[in-house]
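Just below sit the structures, each encoded as structure tokens.
The following pair of complexes shares a single chain, subunit A, combined with subunit B in the former and subunit C in the latter.
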Partner chain A sequence: MKARFLWLDMRATLGERKTLLSVGMMVYAVLVMPVLVAKPPPHVLSALETWFGTSDPFMLSLFIWTDLAMNKAICVLGVVLAGSLILRERETGVLQVLLSKPVSPASYYLARVLSACGVMALLYVGANLAVAPLIARSVPGFRAGVFFASMAVHLFAAFFTVCFSALMAVLIQRRSLAMLVSLLTLMTLVGMAFMGFYNPAWQGISLLNPITQGISVLGHVDDLGPAHVLGPIGILLGINAVVLALGALRVRQLEV
Partner chain B sequence: MHAIEIDRLTRFYGPVRAVDGVSFHVEPGEIFGFMGHNGAGKTTTLRMLLGLTRPTSGSARVLGHDVVRESLEVRRQCGFLPASYALPAHMTARQFLDYVAAMFDLAPEVSEPRIASLLKLFGLEAAADRKLGGFSTGMTQKVGLAQALINEPRILLLDEPTSGLDPLGRHELLEHLRRLSAERGVTVLFSSHILSDIETLCRRVAALHQGRLVAFGPIDALKSEHRSANMDELYLTLARRAA
Partner chain C sequence: MPAALLRYRALEARYATGWVPLVSLLVGIAVVVFTAWLIPILPAQVNGFMERAFLIRGYGAIILLNEYIGIYLLAYFAGVTGLMRALVEPRENRALEMLLSKPISRRVFLEARVGPVLLSSVVVGVVMSLLTGLVVRPFTGEGSPVSVAGAIGAGLFLTALAVLLLAVLVLPLLRVADTFQGLIIAFVLWVVTMMPSAALLYRPDLFEGRERLRDLIVLGPNLIWFDSAMLPLGVLALGVACVASWGALVLGARVFERTELR
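After this line comes the complex of A and B, so read on.
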């Protein structure tokens, strides 16, 4: 599959209503952030003290942005961008036109998922670039390097939500059910993402959770090194590659 | 070498025999009619020719390429217009044609003039930058035909291409197919249940009834063999005999 096709697909996705919905969600997350940082909910303060043993305002802002905003946003965006991939085209009859071209179903699937990841990256990076100055202005001791390192790792967890939602779509083959299963599974993974922080006994098993990998920099804010960033990115790349491959294998059996 | 060669092609959907041991061939450059009522197996046969549906048994070759093992090469050389389809509502006609051209790996310097000429050919220049979601059935069909021609195919597989077109659009399409065949040597496999279209355009036909081939050959020969004055009579005779 050529880069030009990927680019055209990404451009087309950017023009879809679902992308506008995603932009709206990201804008909301950015705008609400200064309010949340100024007056954090008591349970968030308590969680921060218990799990991370700190009340550092920068750590608080990073935690709020990562968990309260982006973790939820990537779940919904992943499902919105890829939860009905292939299925919607098949239902409407677009798929039989496109698959009559010299593109295998698996290549087409991969291209569509990668293009959805591209859109996710664009929205994600845009939101982070927009929110960083807002946080920096209201939080003393804002560390841009740590903030962007953490979000860089988390971006690969965002890619996981896209790949996973696409996999569910082609495995379940029923649009609403696939989206529901994706959303519930991803929300469960988000809910369990900090398990290793509040109960160290579960730290090992929680590393199997891709969202935990995505938020792992939060555990190394004061001793951040390249391994703390590249390690989880490598693991998430591996997980995403496996999930993508499973989806492509399933799509190979697809008949239009 | 035949342009299309089908040998005992069969496809079952569970207990339903959608296509049952169909064999015929299409010569290079001819416009070949593929007739049968709705559900006769025409669409399934066309899909099998493109590798979109796997045959249960039998084989088919398009320009010498096996449709199962070399389906990508078959698709590279074919243009296809399905009977029932939609186009991406959020794209404009130009964007969609560009998108399809990219699937054929056509460079922009090749695809752009080709898209411009197809838009002109189908009278879509004024609507080229409008979203496909707002297109009428006839306009959608024209974009559908344009996408089928974007790769300058050697073979065109058209499934009920005249349905949804007004009389003028239908006439223009048939004329265009005739020109493609005469001037560029494009082979056209034209499926339709509008028998007058087939009679206007084709010299030879294959007729399907309940998944089985009930006739294959030149229209004139079939008419005289079955003592039919016109295509409607011919088809009814064939269908009644098969039933």
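After this line comes the complex of A and C, so read on.
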């Protein structure tokens, strides 16, 4: 029953115009990438050497794709996909009808957030599958294994943006204000994500930032092992579970 | 203006803006202060990289570059949030017909809701600009490529640009029935104006032989390159943005007259 609800909700979201616009945004990011990585200037390669210990052009492409494209994209997509969960149903009077069915507010909330994560995963994986051959053609020494391992970890940071936006929606209960707070908080986390690389003394504290966990593979490109992938995924799963649980708790107290 | 209409405008202004300007202002002040504290304690290589990449020099310029992005972002997204609340949410909640059933024309409704939103964005941008001038003061003086007046002027310029983009955004938002569709449109519009700066960072060769174009479109660094001209330019830009916003509202009212309310 829940699987069917998830599937139907995902299909409905995929058919919405906002999802089509999101696809357009991702296509734009994919098309711009080969242009941006084609001819890196020496000062950028030298900075990479300082921060990540390598000036490999592949590393630059991974950095640009993660930071410039995907970090910004997941910020907005998280808010777009989950920023109005429950509130929209409540404002339009649909929530009362939905809750007359044998479904609790918390399980309805969880199902909707998981469905938004599913849509995020589809958009995210699609963009990465589309950009990989383009980067491979423009950048010598493209390492598909490292690229997809890094993006697999980052996908769980994308799920964090969905869970966080949903939590803000039910905490603040005003759609526009929740959107603004989610967007500003996520943009701040994205802006601070690489601080541990820029200044190794701040590495410990920067690991509290979920987006930093999502980009952590960039620090292990030359010695990548299963622990570098599974470790941050485990941490992000834990953070996401806590954020989801907080949202579900809040929804239980929400007035219909 | 009749007293009833004045009262109506005051009510709409209070509804359209809500807590958004205050939250944006508080976040904006925190961003300005935090950036001025953070940049000087970053490792020298990071600041050296920013100097080389964006063709600037000194702590003052690096602080300003980051402050400018903050001002532009806060003034714009505070306005975007206000516009969603003022224009898109009523359509989404199917309340637009009821709101327009009062003896109020669509033009008056649009002005009463959008005007305060644009004004609140100006307030956020102006306060952040003045504060930026204050925090950058210790890094100005003889030999510095930046000045307090230039910092305030550049902040006003970016505020004006944010208001102008918001005025342009009113037109698509009048036809959108989903807040988050509107958010994507708003985000893409903002990103387009920031793309030349990303191009300067990763592909400076694209601007070789096109220095005038670079000076014109690389938003952020270009305001530092022309620091001495920024104060009059910022004030002028704010004036132009006000006139252009009025024009966009007139155009928006015409579009709104022909728009289905559902």
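Quick note on the criterion: the second predicted complex is superposed on the first by the 243 of 256 C-alpha atoms of A that agree within 3 Å, B and C clash if a C-alpha of one lies under 4 Å from a C-alpha of the other, contacts with A are read in each partner's own complex, and residues count from 1 in each chain.
Heads up, the rule we're going with is that a residue touches a chain if its C-beta (ideal position, glycine included) is under 8 Å from a C-beta of that chain, and two chains touch if they have at least 3 such contacts.
Everything quoted here is computed from the prediction, not taken from an experiment.
Partners subunit B and subunit C, once the complexes are superposed on subunit A, both fit on it without clashing. In the superposed model, A:152 lies in contact with neither subunit B nor subunit C. Once chain A of one complex is fitted onto chain A of the other, the partner contacts of A:68 are limited to subunit C, with no touch recorded for subunit B.
By the touch criterion defined above, A:16 lies against subunit B and subunit C together after alignment on the C-alpha atoms of chain A. Of the two partner chains, subunit C is the only one that A:35 touches; subunit B does not reach it. Put simply, if you stand at the Cα centre of subunit A and look at the Cα centres of subunit B and subunit C, the angle between them is 90 degrees to the nearest 10.
Within the superposed three-chain arrangement, the count of touched residues of subunit A is higher for C, of the candidates subunit B and subunit C.
When the shared chain is aligned, no partner comes close enough to touch A:246: not subunit B, not subunit C. When the shared chain is aligned, subunit B comes close enough to touch A:255, but subunit C does not. Of the two partner chains placed by superposition, only subunit C is touched by A:180; subunit B is not.
In the superposition on chain A, A:96 contacts subunit B only, with no contact to subunit C. Closest contact between subunit B and subunit C, by C-alpha atoms in the overlaid model: 9 Å. On subunit A, the surface patch touched by subunit B in one complex and by subunit C in the other comprises residues 16-17, 92.
By the touch criterion stated above, subunit A contacts subunit B in their complex at residues 2, 4-5, 8-9, 11-12, 15-17, 92-94, 96-104, 255-256. Within the complex formed with subunit A, the subunit C residues making contact are 18-20, 23-24, 27, 42-43, 45-46, 49, 52-53, 73-74, 77-78, 81-82, 84-85, 89, 92-94, 178-181, 183-185, 187-188, 191, 195, 198-199, 201-205.
Those residues of subunit A that touch subunit C in the shared complex are 16-18, 21-22, 25, 28, 32, 35-41, 43-44, 47, 50, 64, 68, 72, 76, 79-81, 83-84, 88, 91-92, 174-177, 179-181, 183-184, 187, 198-199. Subunit B contributes residues 47, 50, 52-54, 72-73, 75-76, 78, 80, 82, 84-88, 90-91, 95, 98-100, 102-105, 108, 144, 147, 151 to its touches with subunit A in the complex.
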